[in-house]
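First up is the structure itself, then whatever we jot down about it.
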Amino acid sequence: MTEEKRIVLRNADLINPKKIEDYMQAGGYQGLEKARLMSRSDLIAEIKKSNLRGRGGAAFNCGLKWSFVPTDAPVSYVVCNFDEGEPGTYKDRIIVQKDPQSLLEGMAICGHAVNSKQGYIYCRGEYPYVVELLNLAIDQARGKGLLGDFDIEVRMGGGAYVCGEETALIESIEGHRGEPRFKPPFPGVAGLWAQPTVVNNVETFANLPSIVLNGPEWFAAIGAPNYPGTKVLTLTGDVANRVSIEVPTTATLREIIYDFGGGIKEGKKFKAVQVGGTSGGFIPESLLDTPIDFDSMRGIGATLGTGAVFVMDETRDIVDITTRIAKFFEHESCGKCNPCREGTFRAYEIMKKINNGKAVAQDIENLTILSQVMEKACLCGLGQAAPAPILTTLKHFYPEYQARLQIH
Amino acid sequence: MTNSIGELEKDARCIFVIGSNTTENHPVIGMKIKKNVLYNGARLIVADPRCTDLAKIADVYMPHLPGSDVALVNAMMNVIINEGLADQDFIAQHTEGYEEMAAVIAKYTPEYAEPITGVPAEDTRKAARLFAQSGNSAICYAMGLTQHRTGTDNVKSVCNLAMLTGNIGRPGTGVDPLRGQNNVQGACDMGGLPNVFTAYQAVTNDAAREKFEKVWGVPLSGQNGLVLTEVINKAHHGEIKALYVVGENPLMSDPELEHVEEALDKVDFVVVQDIFLSETAKRADVVLPSACFAEKDGTFSNTERRVQRVRKAVSAPGKARTDWEILCEVATRMGYPMSYENSEQIFEEIRTLTPSYAGISYQRIENGGLQWPCPNEEHPGTPYLHKDGNFSRGLGAFTAIDYINPGEQPNEEYPLILTTGRSLFHYHTGTMTRRASALNEHVPAAELEVNPEQAKALGIANGGLVKVSTRRGSLEMKAKVTDMVTPGVIFTTFHFAETPANLLTSSEFLDPTAKIPEYKVSAAKVEKI
Amino acid sequence: MITLTINGKEVHTPKGSTILEACQQNGIPIPTLCYDPDLRLAGSCRMCLVEIKGRPLYAASCVTPAENGIVVETESPGIVAARKVILELLSARHKFNCQVCEKNGDCKFQDYCYQYGIKESRFIYGEATNYGINDPNPFIERDYNKCIMCTRCVRACEEITAARAINVENRGHHAKISTAFDGNLADSSCLFCGQCVMVCPTGALTSKVSAGLGRAYEVDKVLTTCSYCGTGCTLELNVKNNRVVGVTSNRTATGSPVNKGALCVKGRFGWDFINSPDRLTTPLIKENGQFREAGWDEALDLVAKRLGEVKNEFGPDSMAVFTSARVTNEENYVAQKFTRAVLGTNNVDHCARL
Amino acid sequence: MVNIQNIILSFRDKPGGIIEAFHAVQKEYNYLPEETIAVAAGTFGISEAQAFGVATFYSYLSVAKRGKYVIRMCESAPCHIAGAEALIKAFEEALEIKVGETTADGKFTLELTECVGQCQDTPVITINSVPYVNLDPAQVPAVLALCQ
């Protein structure tokens, strides 16, 4: 049986998150110290070699991402994406609440690698209490001179899920409407205030101190070779234990739900699990033995994404839940591009019609073509991912839709 | 303009706007300046008694008192000289008269100027440094600078400033008067002035006169004529017996209207050619209907010296004819046969007599126009003058100028300064815009701008009716309480025949050179009705 | 130069070009709605999508760089299907009343619906949004029921006029173009220049002054120079049946060298004085303090006779001509020539100073 | 109450700080009073329309007046299956207002929100940003009683 393996949560519940001294005692800031002894290119090479992939939606090789920042850029920024807005996700909050310094240390390591003097943490507006903790942590680190000439500022989001998209996030830090930019240019070349910018999320940064300290080989040997390391997951919905865990990426969904989650609540039967948050695909029982690493998940039309594991038992109404998810995207679409702005709205309307038992087969056909176009035509990840729950439920749970139609 | 409009959009790194409400009076130029400032990092200095749209986004805004321009600009130059920011190379190589000017400037410290201009000394310093240190700095001005008894001095002052800092002869620099009317530049270029033929060839110059005599086939007077304001004054004295007015409306546009009215009454015979029965046309003995811009071919020359085509789109209403056709008919009937096939034929005649237009033809300006000087058909036109500091007269001349206060000073009875100007939505005397349905619906009447502090003291409410008076007369209009004007200054527009602002202005104080009346400064009082 | 394949044909384009530019240079039509060569790119309408071999997502050609060796399809079945869905999505919110719409015949949205055969939308679900059409200003009609959210108006207001009077408010399907607090234009920083009308690809923004007077295909456009301030903007007089019915603008550098299509409120909306019933249409002669209509011969003879008399009796310098800053160069030339050669005086001036 | 102008001006030197300024104003007033838009626009060198566009983009910010206690009820999928709908109904009944409304006494505003990141204990609401978790309709009176 797979066991928990803690890298980013190594200090969780073992130290007082409000005391930097605790963190130091637990080996904190030794990674940064080591990183600073390395040249920028060596540091980036090490991270590349560890094959640490971004713990967000795209799973891009972290070191490779950093290497896009031009070496001669006079100004560059390190931005931490702490805008986790995926329903069912709270792992970044757990990481920060239990060990904020590991995030700061990770950002400072990145700052050294890309020669940046300024970092920003973009924290979702729903976490004002975490912002306070972060500011305290930054003050402590600054006070001890640990960050050197690298400074970190916390910015608050404002309840816009789309700002989890890196370019929308950048727009928001700049004080604009959080509408995604088209790419290229990528942030590594022209990001925040048109300067080269690295955007990674909390979990990615929090991995860095251990990787630097223990070496890339150590990290690369953990979990799945193509997506090494661990993943912090949050279990929600109808599992017995709604917990957060950190496991090697070789763990399977079944292990997570049954071994860590304690199986389905109240002895009911499993029906579906949605992984990666609300934009993830729905996975039926038959695919539960798939490992959670990014590529395996993608292979079954799902996404590891934010590591949300939302479990639904046999009594759950898939059409109703998918309707509710469609509403989420209707609410969160930024409105910049046509297919998403109009598509999320119409998809929700069609789902409501189906959910209310008023739909006919043509409506499902319309929903399908709309979803297929959105996947390929939308400007950013939000619109591209929004149809996933619809398409995967249509695929795996079609009878439930059919049963709702006026004329079967 | 010495330079081109487009340069204000990108090349100019600092723009000094003095006496120009650019976004209202030259909106498209205003847009370009605004864009340069907002998105392209250009610095902006605005000197204006009114807090205009541009003033709001300026790096330095100097609300100087109407008529204090010379003191303000001298103080800026004082700072530039004292702080070693003058362009010594440019001064040495391309100018003369620097010493004399510097001697006058010496006393104009910002502190000395402050009580005259009302501008804090520190702001003057900031503006001076910004202007001198931005690389390419341009000066834009309009009637706010010229309509003073010291109008010519004011213009020469800003020329001094440009030369002092070497800001002339490169893209994005220069001295740019923004001409208020579509073809003011062309009317001047064409010799619609009492002292010059086309292209500023003096009537007193024998060679020039002979050239015109030869082509026109008649002897010509070598004596300078009268400027417009002098014509009115002479008419008042009964010395003008006949007046022929082509599309002008002195009974709205000229100062001290009562005086103009009396003058016109004394002229034996008045002919007016116009598209509408203007206030002036109503006083005429004969009115001749003419075609408007949409009904004729020809050219206009814009403020950047660009000669562009005007094209006939529709026929003129009724029996109306183009102004040139009418004039040719009168000339012919007076025994001097004048006839042209079309406007292009006139233009061809102009070219032969006008060196700066010689290279311009209808064919060449079919697409895009050409900026004079354009001496021959191969010449690409001249986007900016005085390239590399080469002035047409050789060396650029500094002029030593002392400040002279405006003719009319506020006193106990008339404690405020009335200044006049235009609205975005109207044009000049309103003959056209008052009949443009949307414009007139949007802004149907004049308002008197009063500062909130002033309004409070006078018990005036926003939108309330007030009476504004000067020594010449009174008008009633609605008050607009706004901090666009400083306390002590009131403002209104001259577009509206119902409230002709020039009833209030004075013709007493004229600029000695240009004979411009002091529209921008009248001592006035305001009463609540 | 970059070499790429578009629709099976090898084409070349300068480095730095987008795929859209490569297509335009090679005569390959691509539909666009939000794209405007004078405005910053948005990449948002997604009409210009193309398929690039080996890439999972469709690319908006207006913002996607042309790269060496890429293989592009502009009208593949997938792309056509996607464009149809996009047009149908927009059709579901766009209120069609083409029969009375000012933009009929000059509407990109209408053109594309026609081109892709969009007879009706599959996506009319839920309640139709109904925005009121009531902005009490005399210049610009704002009908957001026809708005397709391309944001060209917002960008034009920002980047051409720098007035920044409008922006997008709210988000998602509820996003709408608005002033602060969704108020009237007159209460905003709007300058009524109509640059938004100029760039609008649908009938959402139109001129109230031209309303009902003529469609784009009915008018001839005559390029001329504005008759107001000295900036010298080029504008197009729209003529129908020998009558000016509107003003539009040409945006090319050669066609509109000073203003590149940008106009102000007077230039764009202040043209109808041309058709004013107050226009003078016949010579008038004053008799006993009253004007009476006269023929040209009578009026001209009278003027010539009286001027001749004054000249003889009081000398040339007793006469003066005010020429005009509002008539053409040619007319000013003739006026001063008339003054100098015929009347024999240099008493000619105009209101340059006033 | 702190002057809105002073709140916003304190963020003047922060590039892009308008959203932070809005948060600060909202912390004080529970919404963004009308003058916030003009002051912020002036402070950050943008237009009022642009400032308004920013303020209305973010669902966490409100340009409409709100009550002293802003109750935001999550209805994202995990809360949805945990009974969010019944909870919402219970709040509506207890306060006699609908979602999006404010009680006549100006005390409570009810709003829907998407996920607030407390999904381990669904359903979740926040009252003035403080989360209350694992609620059921029966607890509504007690929760409201906390708001004094």
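For reference, chains read A, B, C and D in written order, and residue numbers begin at 1 within each chain.
By our rule, a residue touches a chain if its C-beta (ideal position, glycine included) is under 8 Å from a C-beta of that chain, and two chains touch if they have at least 3 such contacts.
Just so it is clear, the structure is predicted and the values come from calculations on it, not from any experiment.
Visitor: Looking only at C-beta pairs in contact, point me to the busier pair out of B-C and C-D.
Guide: B-C
Visitor: Nearest whole angstrom, what separates the Cα centre of chain B from the Cα centre of chain C?
Guide: Distance between chain centres, rounded to whole Å: 28 Å.
Visitor: So how far apart, in whole Å, are chain C and chain D when each is placed at the average of its C-alpha atoms?
Guide: Inter-chain centre distance comes to 43 Å.
Visitor: What is the distance in Å between the mean C-alpha positions of chain A and chain C?
Guide: 46
Visitor: From the mean C-alpha coordinate of chain B to that of chain D, what's the distance rounded to whole Å?
Guide: The computed centroid separation for chain B versus chain D comes out at 55 Å.
Visitor: Going through chain B residue by residue, note those that touch at least 2 other chains and give them in order.
Guide: 38
Visitor: Identify all positions of chain C at which a residue touches two or more other chains, and write them in rising order.
Guide: Those would be 168, 170-171.
Visitor: Please output the residue numbers of chain A that touch at least 2 other chains, ranges allowed.
Guide: 160, 177, 331-332, 334
Visitor: Which chains touch, pair by pair?
Guide: Applying the touch criterion to every chain pair yields A-C, A-D, B-C, C-D.
Visitor: Residue numbers of chain A touching chain C in their complex, please.
Guide: Chain A reaches chain C through residues 160, 177, 182, 184, 330-339, 341-346, 348-350, 352-353, 366, 369-370, 373, 376-379, 384.
Visitor: How about chain D: which of its residues touch chain C in the complex?
Guide: The contact residues of chain D facing chain C are 34, 37-38, 41, 46-53, 56-57, 59, 63.
Visitor: Which of the residues in chain C come into contact with chain A in the complex?
Guide: By the definition above, chain C touches chain A via 41-47, 49, 56-58, 60, 63, 65, 78, 81-82, 85-86, 89-90, 92-93, 122-123, 125-126, 148-149, 168, 170-175.
Visitor: Residues of chain D touching chain A in their complex?
Guide: These residues of chain D touch chain A: 15-20, 22-23, 44, 53-54, 57-61, 75-81, 113-122, 126, 129-130.
Visitor: In their shared complex, at which residues does chain C touch chain B?
Guide: Residues in contact with chain B: 137-139, 159-162, 186, 191-193, 208-209, 220, 222-234, 237, 239, 242-244, 253-255, 257-259, 262-267, 269-274, 276, 278-286, 291, 296, 299-304, 306-308, 310-311, 313-314, 316-354.
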